[in-house]
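Paired with chain B in one complex and with chain C in the other, chain A is shared by the two complexes that follow.
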Partner chain A sequence: MYAQKKKIAGVALIGVALAILPFVIGMGFGNAWMRMLDFALLYIMLALGLNIVVGFAGLLDLGYIAFYAVGAYIYALLASPHFGLHWPLWAILPLGALVAGMFGMLLGAPTLRLRGDYLAIVTLGFGEIIRIFLNNLNAPINITNGPKGIAGIDPLAKNIEIFGYALHSLYLIYYLFVALALLIVVVTMRLEKSRLGRAWVAIREDEIAAKACGINTRNVKLLAFAMGASFGGVAGGLFAGFQQFVSPESFGLFESIMVLCMVVLGGMGNIPGVILGAVVLTVLPELFRQWAGPMQMALFGQTYIDPESMRLLLFGIALILVMRFRPMGLLPSSRRKAEFEHAAEEGVTS
Partner chain B sequence: METFIQQLINGLTLGSIYALVALGYTMVYGILGLINFAHGEVVMIGALVALAVYKALAATLLPPLLILLVGLCVAAAVCMALGWAIERIAYRPLRNAPRLAPLITAIGVSIVLQQFAMLFWGRSYHSVPALLPDTSYDVLGARISAVQIVIMLAAAASMAGLIALVQRSKLGRAMRATAEKPEVAALMGVDANRIVALTFVVGSALAALAGVLVSANYSIAHYQMGFLLGLKAFTAAVLGGIGNIGGAVLGGVLLGIIEAMGAGYIGDLTGGVLGSHYQDIFCFLVLITVLVFRPSGLMGEKVSERA
Partner chain C sequence: MTVLLQADNIAKHFGGIRALKDVSLTINAGEIYGLIGPNGAGKTTFFNVITGLYQRDGGDIVFAGQPLHVESPHEVTQAGIARTFQNIRLFAEMSALENVMVGRHLRSKGSVIGAMLRTPAVRAEEAAIKTKALELLAYVGIAGKAEVRAASLSYGDQRRLEIARALATEPKLLALDEPAAGMNATETAGLRALIEKVRADGTTVLLIEHDVKLIMGLCDRVAVLDYGEKIAEDVPAVVQKDPRVVSAYLGVPYEQ
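This part shows the complex of A and B:
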């Protein structure tokens, strides 16, 4: 009884914090920070989607951003002047999730027999194929508008006025993103405990043993790809509406790697860890970029390293250091941590 | 027919370079079972260091061929040191960590190397001076340049050297033993740490050679040149069966030829609907098709699922 009360209080506290967070950040730091907050939420959704494939099912996917791209282009095509269509958000998002999920199956089907790094390179190739098609499908029929991308996409929300108080659209978008991110968190948490989630973990640990226990590994793997992909598709649709512009450039391999880093750095398979990873890798590099210039000016009187490469440099160093000292990630799941320590004690090299 | 032979020559040139880089991936994979994501950046560093040497020696009146050789030697030395350092910093501490951890550190190393190169050499494309004679020869109606001949010969020679090293020398035997089973190799008196470090060093020397050759081929060097090249070479290594040296060579050459043929013919085959910018799709489609039917690559051994 007491534990349950404590849990309810915790949830309520998180709810209140999430509700007032935008006002603290928006008032205190300005709209640039609000945008960053919204981006962090998008990356949380992406990272949680990839976590299903990589963290739960143990299938290394290096082309995850392709599903984000699919979701984004579906929104862009159905709600922009490009085809003159202006569908409502709530019609597009489920469609985007569905189509991205189908793409996930499409990727999953031929790769069922592949293991580890072979799977990694095929998913990487798949991601590149999608990007190259987006880049070139402006001829003979103009579908994606090629490298120029699609502009003028319908916004997710407009600035509104409540009780005579002007509210920037970024705030409404924030609440939309928080709601969807929470939905995804709840769904993944429920999935993790479900029969399907346990089947994924079984496959990750030992595919043959899982099969012997009666798990239909083919269907379960395909479901992992499809579900992970559909989360990516939802996030992609939100991204398109948020930026009001999409181009193939946003969906390169580096983005896939970035999302993978969030999952692994935060703590693969552990939902709070993945969320932390997404927030840290969105916010910290941005902070460094903003501070790097002024700090160098103050210290040396001139800028030696331009902020953008400073950001990447620090990002790279951070990846090395975190993995060096916390190879299980910042917040590892208890199960994996136990396994790791067990293996280390026995001196087993995996 | 001329187009066919011309594309075959271009493909073989490109393929020899892919094969050289793929060897680096495959050797590390064979011995440690992990992808060295930073290998492409080693190639880039090799090319840029060699270029710096060319520039420094341009004022002296040394014969161009000698300048090229000096550049290659300096680049190889730098890359070997770099390969050793990468192993020490990013891989050795994580030998017993979960499988994805070294992948992430490798990505980190790759980003750091790229940014360092950018700070050092700038964002611009550097043109690489032509140090080889600018002659070309007629082969059945197609042209083959001296540069292309040198690339193929150099690649073939170093691959033969590598195979001899791995199959015949004491070091090679130790490498194969470590790849087979590190614990047992250690019991037989093989210093596994030293062997792994040497594997990185040898792979990096080949990467330096590849960097010099690729910048001679395109006459251009750039801080981001390693990324796509590394990706293609890794694809080649997987295509051939990762961990297998012969497979890396086969995969590299095949991939080079497929790409050149794709670029040469795709427009005609599809009536101009698909242009040559789809050539990258070609190589990935071939890869996926091959892996569907042979899940461990063309020459990869059929490994049991779990030891």
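This part shows the complex of A and C:
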């Protein structure tokens, strides 16, 4: 009873914080920060999707961004002047999730027997195939408009006026993103505590024993790929509407690795950890980009290192530090923490 | 006496090595059936063929009156054969309770949509899975260790947990691959009592074992494999005196 009340109070507190957060950030720091906040939410959705495949089921996927691309292009094709279609958001997002989920199974089916590094290489190839397809599908029939990308996509929201007070579209987008991110969090939490969630972890722990327990590993793995991909598809659709422009170069290998870093850095398999990882890896590089230039100017009177390369440099250092001092991630799941401690104990005794 | 499992002329080869040469044996419902033989005789291979981990190269299996099509291990488990492994294969980082709950996967059917919506049916099923898993932990005698990580359990308890997980699939035949390996005398005695209890509750048991004392005391019938061939099948007292069995284990007497 007391725990129930505490839980409700906690949820309410998070709700209020999420509701007023954009005003604090928007008023205090400006619209650039609002954009970053919206991007952080997109990455949370992406990272939670990848977490199902990598964190729960233990299938290393390096081509995850392909599903983001599929979702983005579906939105771009169905709501832009490119084909003259202007479908509403609520119709496109479920479709994007569905198609991305199907692509997830398409990737999953031929890779069912692969694990670890072999799987990583195949998924990496898959991600590149999708990107190259998007790049080249402008001839003989122009579907994706090739490397030029699709511009003029319908926006997710317009600036509106409430009680004579102008509200930037970034705020409405924020609330839309928060709602969908929360939906994804709830779905992930429920899946984790279901028989399917247990089956995913069982496959990660020991695939042969999982089969012997009567788990149809083929179906359960395909389901993991499809679920993860569908989250990516939703995030991709939102990305397209948010940027109002998509081109194949947004969906390169580096993006896949970035999302994987969020999952690993935050704490694989742990939902709060993955969310933290996504926020940290969205905000920190942006901070460096904004501050690295002016700070050098103030200190030395000129810029020695280009802020863009500095960003990657510091990003690399941060990753190494985390791997050195918190190899299980910033917020590890209790299970994973035990795994590392166990390994450390064995290291001492053997 | 009804026949539970009938294996006819099972053959399996790995490249040029014939691991199983036309092995036939019959397991009756309700018995404890032992499978013994020197190292490398093909016991575990036979086990893996029966449980679908290997595809057989020849022969037929009839289980509970139905031909057993073994495309994949989970179908064998579905049909009612559950197994444990020679080198314990638990889900190391899951709790003991969760391990047994995974065993219930096959006998529950909550869908992905149901799990997302957390429908009353799914909640009820989840509660039933947990109750059943706790019962099974108590049944094998590790009720107090439900929340302990499987890898942290003692060796004997890990063996018991593996049996609980196998029983969670509601098998007609429980196949144990060297369950007493590495156990001390007390643990072996406890294991023996557990296997007898499982049989008394209506589950047939197939047992591979090296511990001859355990086999002879526990099993109703024993088959002996040597170089992939069945050389004897009978009650333990007869098998023990079979000259072919003696020579398989001890070698042929030296003749001048």
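Quick note on the criterion: the second predicted complex is superposed on the first by the 347 of 350 C-alpha atoms of A that agree within 3 Å, B and C clash if a C-alpha of one lies under 4 Å from a C-alpha of the other, contacts with A are read in each partner's own complex, and residues count from 1 in each chain.
As a working rule, contacts are C-beta pairs under 8 Å (C-beta built on N, C-alpha and C of every residue); 3 or more make two chains touch, one makes a residue touch a chain.
Computed from a prediction, not measured in an experiment: that's the story for all the values here.
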Touching partner for A:M323 - first (chain B), second (chain C), both, neither: first
Between chain B and chain C, more extensive residue contact with chain A: B
First (chain B), second (chain C), both or neither touched by A:L191: second
Which of chain B and chain C A:M227 touches, first, second, both or neither: second
Touched partner set for A:D206, first chain B, second chain C, both or neither: both
Partner chain(s) touched by A:L18 [first = chain B, second = chain C, both, neither]: neither
Which of chain B and chain C A:N216 touches, first, second, both or neither: second
Which of chain B and chain C A:L284 touches, first, second, both or neither: neither
Residues of chain A at both interfaces, chain B in one complex, chain C in the other: 206, 208, 336
Residues of chain A touching chain B in the complex: 54, 60, 110-111, 113-118, 120-122, 124-126, 128-129, 132-133, 135-136, 139-140, 206-208, 253, 257, 260-261, 264-265, 268, 305, 309, 312-313, 315-320, 323-324, 327-328, 336, 340, 343-344, 349-350
Touch list for chain B against partner chain A, complex: 29, 34-35, 89-90, 93-105, 107-112, 114-116, 118-119, 182-183, 231, 234-235, 238, 242, 273-275, 277-278, 280-281, 284-285, 287-288, 291-292, 295-297, 305-306
Footprint of chain C on chain A - complex, ascending: 187, 190-191, 193-199, 201-202, 205-206, 208-218, 223, 227, 335-336, 338-339, 342
Footprint of chain A on chain C - complex, ascending: 51, 53, 72-74, 77-78, 82-83, 85, 89-94, 98, 101-108, 110, 112, 115-116, 118, 122, 125-126, 129, 149, 151-152, 165-166, 168-169
